[in-house]
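Look at the two complexes coming up: chain A is in both, with chain B in one and chain C in the other.
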Partner chain A sequence: MGAPAMTTGGAGTNRSVPEGRRAAVVDCDVHAVLPSARNLLPYLDDYWADQLVAQLAPYYEPGYHPPASPIAERPGATPGPDGRAGTAVDALVADVFTDGGPDFAVLNCLYGVQQIHQPRREIAHARALNDWIAREWLDADDRLRASIAVPQGTPDAAAEEIDRCAADGRFAQVLLLGQSELPYGRQINWPIWEAAERHGLPVALHIGGVFRQAPTSVGWPSTYLEWYVGQQSNLEAQLASIVSEGVLQKFPSTRIVVSELGFGWVPPFLWKFDKLWKSYRPDVPWLTERPSDLIRRHVRFTTAPSDGFEQPGALDRLVDRLGSQDMLVYSSDYPHRHHSAPREIENGSSDPALIDRIRRANAFDLYGLSVPSDL
Partner chain B sequence: MTTLQERPYTVDLPVPRVTTGIADVDIHPVPPADALTAYLPRRWREIVREYGVRTTNGLFNLGEYPQLYGGAMRADTWPETGFPGSDLDLIRKQLLDLYDVQLGVLQCISPGGQALNPASQALRPELADALTRAVNDWQLEHLVRPEPRLRAAISVAFESPDLATAEIDRLGSHPGVVAVLGLSKTRDPLGSRRYWPIYEAMIDNGLPMQVHLSQGGGNPSTGTGWASYHTEYHVGQVQSFQSQLLSLVLSGTFDRYPELRIMFVEGNVAHFVPLLQRLDYHWETLRSEVPDLQRKPSEYLADHVWVSTQPIDEPDKPAHLEEYIEEFGADNVLFASDYPHFDFDAPNAVFPPSFPAELKDKILRGNAVRFFGLEDGA
Partner chain C sequence: MTRYIVANATDIAPGERKIVELEGRSVGIFNLDGEYYALLNRCPHAGAPLCEHGTVFGVSSAESPDKPIDYERQRSLRCPWHAWEFDIRTGVSFYDPRNARVRKYEVDVVPGSPQDVAGPDGGRQEGPLVLEGYAVSVEGDVVVVDTSRRRPGRTREQAAERRPAATA
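The block that comes next holds the complex of A and B.
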């Protein structure tokens, strides 16, 4: 199938696929796992390496699921030498780039540097984590790309880390966690948006959090299931903040990839936002167009987990309600386990052109990745 | 003025009949200046005068996100004196008579006037108790008794379940009381066992709970920190309802209390549909974490969760509204006007022209008759 026209509605991109090439199939959310905090030792300076050893190398495992828990690993995911999927590059590459798989995969390493309360330690460990990814993953296979983990608690330092990593063209986007201490639209966070725009990098908002306060507006959920499903609410809050504070006016080439957080919630959210924008325009006078139009242009959502949209017709109904074919990009969320396999999402649409968009054109709009046409 | 604090009720009120007219589950009365004082014991009157009513937001008489224009009131609802919602004749003229509202549920969330500063959110439990009792006694005596088309959702000191249950037991059998008033912003999610005694008292008294949107409550306005702009805060209201629904289902609260009925008011409708789909999907994988749950999550809705329409969802394609209502459950959606607030929904104008008449009839009338148990209205 030939590449569809590349005139998608994304912000700040005027890319077209070069002659003789086609837009690549991109898996926009794959998880590399740091085996041990000691893996960072070669990438920390003497001071922070000493600190890590003296502390007995605490491992910041985000409290999502325990290491190697069945919910963290889908059946068939190849374990690394430590018994945990996602920790070894050869095993991950073999699993992700199977026949009919993607041309590229974007690694999101969720090691919890952002949960470190000590700002200088967070900065040092984010830097080490990115260097570990570059040396031990990106160097190993040229189909891998990665997100830049940033010390998001100190936005100026996060911007410096973006500047540093962007020089290595294999870092494809910036990684922020879905729940932050202050909403991402707040001006204190603008250095992150500014740096991402400066380097033409999308910003991924991935499920996760810093847990500086309850992760819902009504207190602490009791179970993983309640937390996980409920985090869509925080993405509504983040997008409301980013739009209301004028980030998309100030940094008009901004592109956002909402990752592993679902997408079925988007249409009702857009309607609510548009309706209140009409009522409250003097509150946010810089918003000269509907929030839904801004979000359609600037924000993309990864397809895994599918949240059930592989049901026949469900994806087509959703796209009709979204009012856009440009907003979804393919992901596998490897190696996490979900109720359906990543590509089952294709069953939700009867339109092959839509599926092709999700797998290639919409991702091209974000990352500009292409491969030779005959590949 | 009679203080009704300790006196059992012997009021004789007919059961409301919603036949030719409609039910409106969200009307906001405001006590006229000083009206509550008469219902407050003297010690609390003096505490309020000297120390104020302390809440989590660190401000007196103001919510965290003050209303932007005119107290968020419809401009034509201001009486000659006092706040909109304080003049019974105007409520009759602009709402009850005009739209033939045969059952209007009062939700007094702003006893002090324009801001969302509910009595139930006073940090001092005994003061919250005294204030909510005063609000309840005032609305029963001054609104419900003279105008039986109006009935009350009673305020309770929600964060102190022992006090809340006592108030539910005090007023639960009063024919003027049709629901307990809950708020969307709570200190803990609504499925928390801390709140279970309140649900027991509601069930003992045959009452549902109407959970109305709110500010305050002790947590930031979103799960990822405080919003800046009023627009953003207001868009975020639905997030609290989403968290509350997840908590009520996954905590097993509905399994424990098969008769528990919750209505979310001013929390929209459409967004619950994808939330439940998402919940069902992940429950399939993670159900071993909640093995005691007796049903698939979405299957609790029909028996336990109702929602009201205002502010009506306004999709670009009007047909999507009806689709989402059907997907949520057309029997569990009730009409709300939000009188006298600026985003008032008029029952004759709020539904798009293509909206099916039968569905509209359910929402305006039939679903309320069943929710409030008025089928055999004598």
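The block that comes next holds the complex of A and C.
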């Protein structure tokens, strides 16, 4: 098996930038933080609002970035009124859209509605969270876009929520968490893929989980360190499921954005997936091409955390091993703190055209966002 | 074109195979319910004796992941080492049809001729058919393998003729 030829273009990427405009620089992973469960009260109906108050407004802190832990906030991130960065739109906008910043930012609010085990409650809270995002964030700055939080426990309801939010026009993608109750390729989850494809929305698979079972594939970790490091193996399992179950054949315009999970692990994963597919192809006869070919066309990865590929030359070597310049999209992961600052990833390549693809063209293929050429 | 008698038709029962050496190459001949196929006995991946130890398997296909799986028996030859599969009729792999294939040979079953008789020591005899290294009686039909290329390579002269004239 030789090195794959460099490919360009992905699934459903027949867009072209309109005359007089250029593809926008997009920050594909920025985090708005819900300050308190009470912020959702105006967006819940009477029943669920009273339920929340009666239960003393429990806050579904997902714990992916424990507040005040080293990863939670970068130095210099402007805190909101409660002292936590990412909770106030004006502070976030000021930090994210500084000089040299992006033209647009996609908000992934990770408030843990997906961890609510009661289906009706999860559905109500997902709706409320999306409405809160639309009213209090998207209305505040037209450079903001957002992901649709969906009640993952009930895929049909998730599809309805996608339909509802897609009508708004400012929701740029669907948010799913890296660890799920059943792998995302399973047919029970197909309504989500179907709805996303119907509206031309990419699906972000972001670090996180629904905690219906242990959050790593081998059981309950003892520490946050194990949890965070362990999530990339969950994504390998999700991509193996999505490809093997035929989601990309059934919904061929599907696009996936693996977010905040790194990307250095991808080339060896693709190699192994291809190699074993040759032996087990009869199990998945609808897969008529190499898994790596499908993943190159349909899956993108955000650049933060950069996992060392900001070292000079490292990004170029990685892209060579990926076999595609289309697979990375820029993210700052604001306000989370990683070992390198967001734009340091650009040090990893000597090719300005690659950096431009990562910041603009690859994101344009996902979201179709553009700005006037002179901007 | 050289056609070799490799066996009496009755020597390779349905479901059986025979490995022979033709022109220095190991070749496997399969009888699948009366249909004969011959492939080079060497997997293009890592050189395993594909015909000698490979498994005759079916081929599965599906129009879509939510449609039934169609399955046709006796269509593939599965390598004993890594289970990579080749179309037993054509030698073309299922995993990379354009690049990975096993050489296929044409096989015929023809009536034997007294002129084709060879000595039991495997001596070679000229006749309408050539027998190399295998002693068979020719009372009934014989299995014949054709080692010629289906698309013979061009000679150097032919290639030169087809090349556009060099411009001055």
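Just so we're on the same page, the second predicted complex is superposed on the first by the 363 of 375 C-alpha atoms of A that agree within 3 Å, B and C clash if a C-alpha of one lies under 4 Å from a C-alpha of the other, contacts with A are read in each partner's own complex, and residues count from 1 in each chain.
Throughout what follows, contacts are C-beta pairs under 8 Å (C-beta built on N, C-alpha and C of every residue); 3 or more make two chains touch, one makes a residue touch a chain.
Here the structure is a predicted model, which is why all the values come from computation and not from measurement.
> Quick one: classify A:K250 as touching chain B (first), chain C (second), both or neither.
second
> By the touch definition at the top of the document, which applies to A:W277: first (chain B), second (chain C), both, or neither?
both
> Taking the superposition as given, does A:P285 touch the first partner, chain B, the second, chain C, both, or neither?
After superposition on chain A, A:P285 lies in contact with chain C alone.
> State whether chain B or chain C is in contact with more residues of chain A in the superposed arrangement.
When the residues of chain A touched by each partner are counted, B comes out ahead.
> Check the residue A:D163 against both partner chains and state whether it touches chain B (first), chain C (second), both, or neither.
neither
> What is the shared patch of chain A, the residues that chain B and chain C both contact?
Overlap of chain B and chain C footprints on chain A: residues 245, 277, 279-280, 282.
> Along chain A, where are the residues that touch chain B in the complex?
71, 178-183, 185-186, 209, 213-226, 228-234, 236-238, 240-241, 244-245, 262, 264-265, 267-269, 271-277, 279-280, 282-284, 292, 305-308, 320-321, 323, 337-339
> With touch defined as at the start, can you tell me which chain A residues reach chain C in the complex?
187, 245-247, 249-250, 277-282, 285-286, 290
> In their shared complex, at which residues does chain C touch chain A?
57-67, 69-70, 82-85, 94-96
> Once bound in the complex, which stretches of chain B touch chain A?
Residues 68, 184-192, 217, 219-232, 234-236, 238-240, 242-244, 246-247, 250-251, 268, 270-271, 273-275, 277-286, 289-290, 311, 313-317, 320, 324, 342-343.
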